[in-house]
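Chain nomenclature is as follows: A, B, C and D, assigned in order of appearance, with residue numbering initiated at 1 for each chain independently.
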Amino acid sequence: MTSGNTRTNDFVLKIATVNGTGSASANGLLMKALFRMGIPVTGKNMFPSNIQGLPTWYEIRASQEGYNARTGRVDVMVAMNAQTYSKDLAEVSHGGYLIYDSTWPRDEQLSRDGVSVLGIPLSKMVNEHFEGSRVRTLMKNIAYVGALCALMEIDREIVRTLLEETFAAKPKLVEPNFKAVTLGYDYAREHFDCPLPVCAGKMDATAGKILIEGNAAAALGCLYAGATVGAWYPITPSTSVMDAFQGFCDKYRKDPETGENRFCIVQAEDELAAAGMVVGAGWAGARAFTPTSGPGISLMSEFIGFAYYTEIPAVFFDIQRVGPSTGMPTRTQQCDVMLAAFASHGDTRHPVLFPSDPKECFELAVSAFDLAERLQTPVFVLSDLDIGMNDWMVDELQWDDAYRPDRGKVLTDADLAEIKHFHRFRDVDGDGIAYRTLPGSDRKGSYFVRGSGHNQYGGYTEDADEYRQVVDRLKLKWESARGLVPGALERKAPSRTDIGIIAFGSSHGATLEALDRLAADGVAVDYLRLRAFPFGDEVEAFLKAHRTVFVLEQNRDAQMRSLLKIELDADPQKLISILHYNGLPVTSEMIIERIGDYIRQEAVA
Amino acid sequence: MSYIAKPKVSWAGQERNSLGLTLADYEGGLSTLCAGCGHDSITAALVRGFWELGLEPEQVIKLSGIGCSSKTPAYFLSGAHGFNSVHGRMPSVATGAQAARRDLIAVGISGDGDSLSIGFGQFAHAVRRNLNVLYIIENNGVYGLTKGQFSASADPGSKAKKGAANRNQAIDPVATAITLGGSFAARSFSGDKKQLVPLIKAGLMHPGCAVIDVVSPCVTFNDHEGSTKSYAWTRQHLHATVEADYVPPSTEIQVDYDDGAHTDVNLHDGSVLRLKKTDPDYDPSNRAGALDFLEAHRARAEVVTGLLYIDPDLPTFHDIAGTSKQPLTQHEFEDLSPGADALAELQKGLR
Amino acid sequence: MSYIAKPKVSWAGQERNSLGLTLADYEGGLSTLCAGCGHDSITAALVRGFWELGLEPEQVIKLSGIGCSSKTPAYFLSGAHGFNSVHGRMPSVATGAQAARRDLIAVGISGDGDSLSIGFGQFAHAVRRNLNVLYIIENNGVYGLTKGQFSASADPGSKAKKGAANRNQAIDPVATAITLGGSFAARSFSGDKKQLVPLIKAGLMHPGCAVIDVVSPCVTFNDHEGSTKSYAWTRQHLHATVEADYVPPSTEIQVDYDDGAHTDVNLHDGSVLRLKKTDPDYDPSNRAGALDFLEAHRARAEVVTGLLYIDPDLPTFHDIAGTSKQPLTQHEFEDLSPGADALAELQKGLR
Amino acid sequence: MTSGNTRTNDFVLKIATVNGTGSASANGLLMKALFRMGIPVTGKNMFPSNIQGLPTWYEIRASQEGYNARTGRVDVMVAMNAQTYSKDLAEVSHGGYLIYDSTWPRDEQLSRDGVSVLGIPLSKMVNEHFEGSRVRTLMKNIAYVGALCALMEIDREIVRTLLEETFAAKPKLVEPNFKAVTLGYDYAREHFDCPLPVCAGKMDATAGKILIEGNAAAALGCLYAGATVGAWYPITPSTSVMDAFQGFCDKYRKDPETGENRFCIVQAEDELAAAGMVVGAGWAGARAFTPTSGPGISLMSEFIGFAYYTEIPAVFFDIQRVGPSTGMPTRTQQCDVMLAAFASHGDTRHPVLFPSDPKECFELAVSAFDLAERLQTPVFVLSDLDIGMNDWMVDELQWDDAYRPDRGKVLTDADLAEIKHFHRFRDVDGDGIAYRTLPGSDRKGSYFVRGSGHNQYGGYTEDADEYRQVVDRLKLKWESARGLVPGALERKAPSRTDIGIIAFGSSHGATLEALDRLAADGVAVDYLRLRAFPFGDEVEAFLKAHRTVFVLEQNRDAQMRSLLKIELDADPQKLISILHYNGLPVTSEMIIERIGDYIRQEAVA
């Protein structure tokens, strides 16, 4: 056996299968087992845009240092899909391992210098012990879990406990499953030197942590923020936001006595309708949201501009996938940054929040509702497929029971009784935010919402000055927004430097890792993580304080760099793009390389 | 879209409704539509209908899309919150508003362009969801506001002002609503206030989506000879079937099942829709029959009016969604947000 | 959306059509749908239909929206240009393509999500314009590609895989097409190739918009007990009415008007649609009757199949637009651009 | 009578009426009469977004120097609308005149210092001579034309000829109309000192010129470019593009023998469908276009991104109106610049052309089709209400009969016969533009259009590298576009300067006038007029060559300035915005003032 470097709790395990074969649960077992062993893990699912029969991959990274980014490495590959076999083999890092189902003999394409190939007759073993084709397919997956337990020292008892939890409702299934584990396990122990140098070992780095997908966390945020109306049209990769919200509501929002729902979820006929429903509900005073992805935002554009101009709170979750157009629905990108910021015709601009992991999906979902109501405007939460649909290890979510929604400037009937006239669009407080009333209020507070020209009193207008007064106030409101959105967070390099990097969203993990490694190599880079648009003063200060600022983003056209230029009049010369946009999550290696190249070149020049 | 606020004159001796309010209390801004536009008669019928029902203006929300017709909500019930949305999208906004505030009575006003072209999908889906809304289509066969292009309700053969005849097939909102499983489908004529006012009342009180297609001539672009949506043509080709009126729960009801000319439809709150048949053979509870009837009369170029189909028992949007009786906006925050302990508990499953 | 190009194997003794082409010449890429998906049977029927008609692949354009169903065009006629548009918008793209190239035969494939939810407006308007296209809806009552949510064709009472019942009203594409003035409305079942293949041929040759709603079970998300779009349910509740087949102009036609079981519909090019009645009482030329029939059988939960309505004489999109017989792309530039002199002449009026 | 300065052939005449009263034809008579007197004129129509009964204004500017911008001045106001009377009076410049219908007595709000008020009993005169309320309403308008003929020395014989031309089909109408003219004329001659110091005088500055609206000119461009498919959904202010196209086609494109149409116009059910039709037609090989306005572009966004990624030619006319949302449909703005440039989700960008007057609407319409086919991509023509719906005096349109459409890289069946394989998305020539085939081609050329991930061969892909290869080529294509779009035009100041101004579209006239006046005051400003996005090298050079560059645009958010920063990494410090966005066309005064202020402030600082 070729011996690679010993890599305890620092490896990438990748499993190549075919979708629709139930491998997802086997892979989940592996993830959770490592997690319960106390090892930081992340899982990345690369699945096709169909339902059954196409290649799919699952990548588990274990990192004792807690890094969660994709890396270019594959230490152990489980190659279950003949169709992608050669591609999978090619991907294994030098010194790595490939495990395959050796039931049927394969030709020499099986081997590659520097990669140890381990054949396990998974089908044969499973077929000997189980009946029924569906069961056999499933058990084959469980059997490779067993083999990996042996090869990588993954705790079999934890796997057993997990099976017991999974099948709590059908306990009879535990034994057969564990038998499949044992089959793989025993075979590996008998035929190979176990463990491999790449393996797991108990540690204690997952206390206080959970494993969660961003979409579920976002749904929890909506639940906790008190959102009651959710309207949506199914689209990958956002669908699971509403699925999760429905699940949580069924659990926490059904009246225990009457069974009535304290929520209303509408599967709309399309995204335009979903947007309209959210706007209607927001107008009527409910916290309302819609999850979608790029194509949905394009379709919602008209309504988004309407909500901007009529000043109606609404929350839009854009779980970004690869564009343009239908693009690659099951791959990740950060490619709707500009669209979210400016969606719709005319002069419009919208606050955008950028969660960097599921925990922030939860937190920023709550912020989004507060901001939408405080600012009376549509607010975007820009997540992506990587955050939304992958399992991330994050700190346990916290909730402060003292939290109360910020409903913003809403006049009650009592308030109305105290004022002489109600003028919907007048800037009473000088912050650009006017007072609103909700439908059902006293008739003194009634007003007419219209996307056409209106004056500060709420009347229809085609008058040049009256029109301008309102849009100028909207601009002032935007200034107010700068002070209200979550600020960017700075992480200083260990030593003084005039080099900085700006990143956001799902690039965060890779950035942290890259900066640590660069620091270890003596390259100091300060890091500013954006959490919102518009940018606060801290972003301007960071730009001012650095000679060179890398802007890392997962799109082709440097959209965030554009925003920095548009919004802050940032000096373009100092903004150096690092762009990654092939649909896979960005790796730390790539960042290190780009920064390294740039610095070397600069040194030469 | 009133430029000018209408002065509310109140004089002694005005009639007052059960709430002590006068008709003027149900009016809105001054209309900016063309003199004689059918839409303004519908506005008047709405004012009357609301007044007769004795609803508080603030109990109502009024919504619309874009078009001359969609300006209507600005012209009645100035005490109600109003919403002029984007073109063709009133139904979705109404859905969201209803989701949030099921206690408010929603009236949506649209045009044939607004609901049958750009908004056809939203119209259809509001109907099949049985959204709790009175949905009025002010139907003039043209796009008034953009100066007279044919709409999808223009009949084949109907002539434009400049002479060209439409040859595309027409969409009949009533037949469509019935085909889509609608629970209340009616047609009326802006020139027939006698029929329209009670129909509006019935529609407002109907639990679910009440579609009223009101032929509403456009005097500027579609009231000429050769048009099948003109005042003259409509008057000549009217065929009235069933009149409907609303009888509040408190009222003593004389059941007249055998009287032939009367049928009562019982609503869940104890109120009644009283149907009077102009066409004695017509049965508005028979879906297949209604379609057949509409189709036969379409072939004869007749404009069939009245309450053409009703099923008060179909589950409404709220029945289906299971929304709590208490409007969603009125729940205490504690009843919505499960709290820190629940969160901690929940996360035990995420390890 | 084929990952893998299908190897074209040709072996001796294969059947050849009038053009000397084999069935394989009408195939496309390998399907990536689930094994057993109804959509793949429709693909096979299409291949067969095109082959039997003996059309050159390049005479055809095939278009779709987004969904499992909308992947179909990738799986037949690899020699034809194909177009996978955005979700729900196939009809508009087909309209533009037909406007440009009326000589090409357009086949549009859609799903119930694609055509009855997001695309309902475009579906409706293609029908009322009588666009020259064969419009197939692969109807499975769910959104397959996004994992099984109910679509607008799900019947009230039909159960989801996890047990919840749909309570919204269902949209029936056939009843809708007839109500909207469609000229050809049919239903079939992916499991009934015998009925489907000739229907496809009839639809391809019909002048105007031929809508075929094909019940096409989704084995992954909607083939369980309680579903009304499963193989089992559909087989049990089928009610066939009228079979249709296409007889080319050259063929000698035996007119069998009195045979009861046969009716011939003459198309303008001399060809004939031959209708055979399974249900002897059914008359597919009667719009009111068709609606009535559909409605009655809907109430009995029956799946009515066959050619349910046809009117070959309604003006088609091209008749209405007056498009020249010569495709618009084939005119000489001089016949399109009036030239410098005409421009000078024209501008005399602008002073 | 207060005497103002004498202003022969240099005045603004404004007419305030109520819409639906037929004043448009009276105003047209005045415009044309002045034009035929050889005096440069422009007309600006300020009309309400309704059909009948609301205030409407028409502003005619006569300028012997040929300036065509709106100015802040009103020399003569014809105040026919009681409702706006006081507002209209307030607008008259010092030394100016107000004419009103004195049939009924009015109160003292009638007067203002420095404004001469001339009462003419128009209704009375007309009622005495005509029967029928509709006729009387119309004739009242014609009567004020007569009065103005006397007061401003507008040639009555020309008016008579115009009436004869107008009523060529109904000659009986000429006499009554001319009688109305005479009524007004005679009354004015009798009661006032004619002519006023503000008046017209024959000159010879309109030879070789025409009066035309931008929308009609754009339609002519489509006709001449050989566009055959037009799909649209009515929306102000773009509707008249298709109305005009229909008219031209009826005249020039009906087969003389068969009556068949060599065009196909489809009134779509909405803008999404209109976009789809244009895309379908473009795919099938026709030149196709859709005219719309802001809300339409929002709704078309999904399809625009689709066409970008699938590389299908399509032409979109956006006749901009005031945003956001429904905004003010009958007022003008340049507010869709960013939207047009980047419409849709994902990384997308589109060539945009900026005509500055109707003549350029004609010319750039033709260019748009050539570019769309050459680049195989959607192309925008960004006009606005001011250009599109107002009468502009421009040089006569020219056409070169040698013109042939640039169909771009289309392979014929003969071409296909000569190549081994056809690969739809491969960069054969290194310019980022691949070859296409049209439906109906030999089956060797068949391919499958999809908005989802595809490789250079046209196959479906979810592969990271294959995806990237295609979007990278699209970026290269964008570089090619820079060299193909119409270049920006520079007008040097009379003397050397390091101050520049960038403007585009309907701001051109006001800019020219402002720069002339500034030059007369000794302020030299070089002028670069943008005609397209992406920007060519000349734009970069202009920015480099100037220390300060004003960017003039008619929107609130400095959208063009943003594009310059995004696309050229322009130094933001030197880009000074001049923004005008109240819905009225920009005036030269405003530009002069802003530039003057800036220069003065700079001098102080």
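Simple rule for what comes next: a residue touches a chain if its C-beta (ideal position, glycine included) is under 8 Å from a C-beta of that chain, and two chains touch if they have at least 3 such contacts.
If you're wondering where the values come from, they're calculated on a predicted model, not measured in any experiment.
> Looking at C-D and B-D, which one has the bigger number of contacting C-beta pairs?
Of C-D and B-D, it is C-D that has more C-beta pairs in contact.
> Using the average of all C-alpha atoms in each chain as its centre, how far is it in Å between chain A and chain B?
Those two chain centres are 43 Å apart.
> Measure off the straight-line distance from the CA centroid of chain A to the CA centroid of chain C, and report it in whole Å.
Using C-alpha averages as centres, the distance is 40 Å.
> Spell out, as numbers or ranges, the residues of chain C touching 2 or more other chains.
Those would be 1, 3, 86, 117-118, 120-121, 124-125, 129, 152.
> Find every residue in chain A that makes contact with two or more other chains and list them.
As it turns out, chain A has residues touching two or more other chains at 49, 269-270, 295, 302, 306, 325-326, 450-452.
> Touch graph of the chains shown: is it line, ring, star, complete or other?
Complete.
> For a test of understanding, state which residues of chain A touch chain D in their complex under the given definition.
48-49, 294-295, 297-299, 301-302, 305-306, 308-310, 322-331, 333, 335-336, 338-339, 342, 344-349, 450-453, 462, 464-465, 467-468, 471-472, 475, 555-557, 559, 562, 565-566, 569-573, 581-584
> Enumerate the contact residues on chain D facing chain B in the complex.
Residues in contact with chain B: 20, 49-54, 233-236, 239, 267, 269-271, 295, 325-326.
> Enumerate the contact residues on chain D facing chain C in the complex.
Against chain C, the touching part of chain D is residues 32, 35-36, 206, 209-212, 220, 223-226, 228-229, 231, 252-253, 255, 258-266, 268-270, 272-286, 288, 302-303, 306, 396-401, 403-405, 437-443, 446-452, 459-460.
> Chain C touches which residues of chain B in the complex?
Counting only chain B, the residues touching chain C are 117-121, 124-125, 127-130, 152, 156, 167-172, 175-176, 179-182, 287-289, 291-292, 295-296, 299, 314-315, 319-320.
> Where on chain B is chain A touching in the complex?
1-3, 5, 57-59, 61, 63, 73-74, 78-86, 89, 91-101, 103-104, 121-122, 124-125, 129, 321-325, 328-329, 331, 333, 335-340, 342-344, 346-347, 350-351
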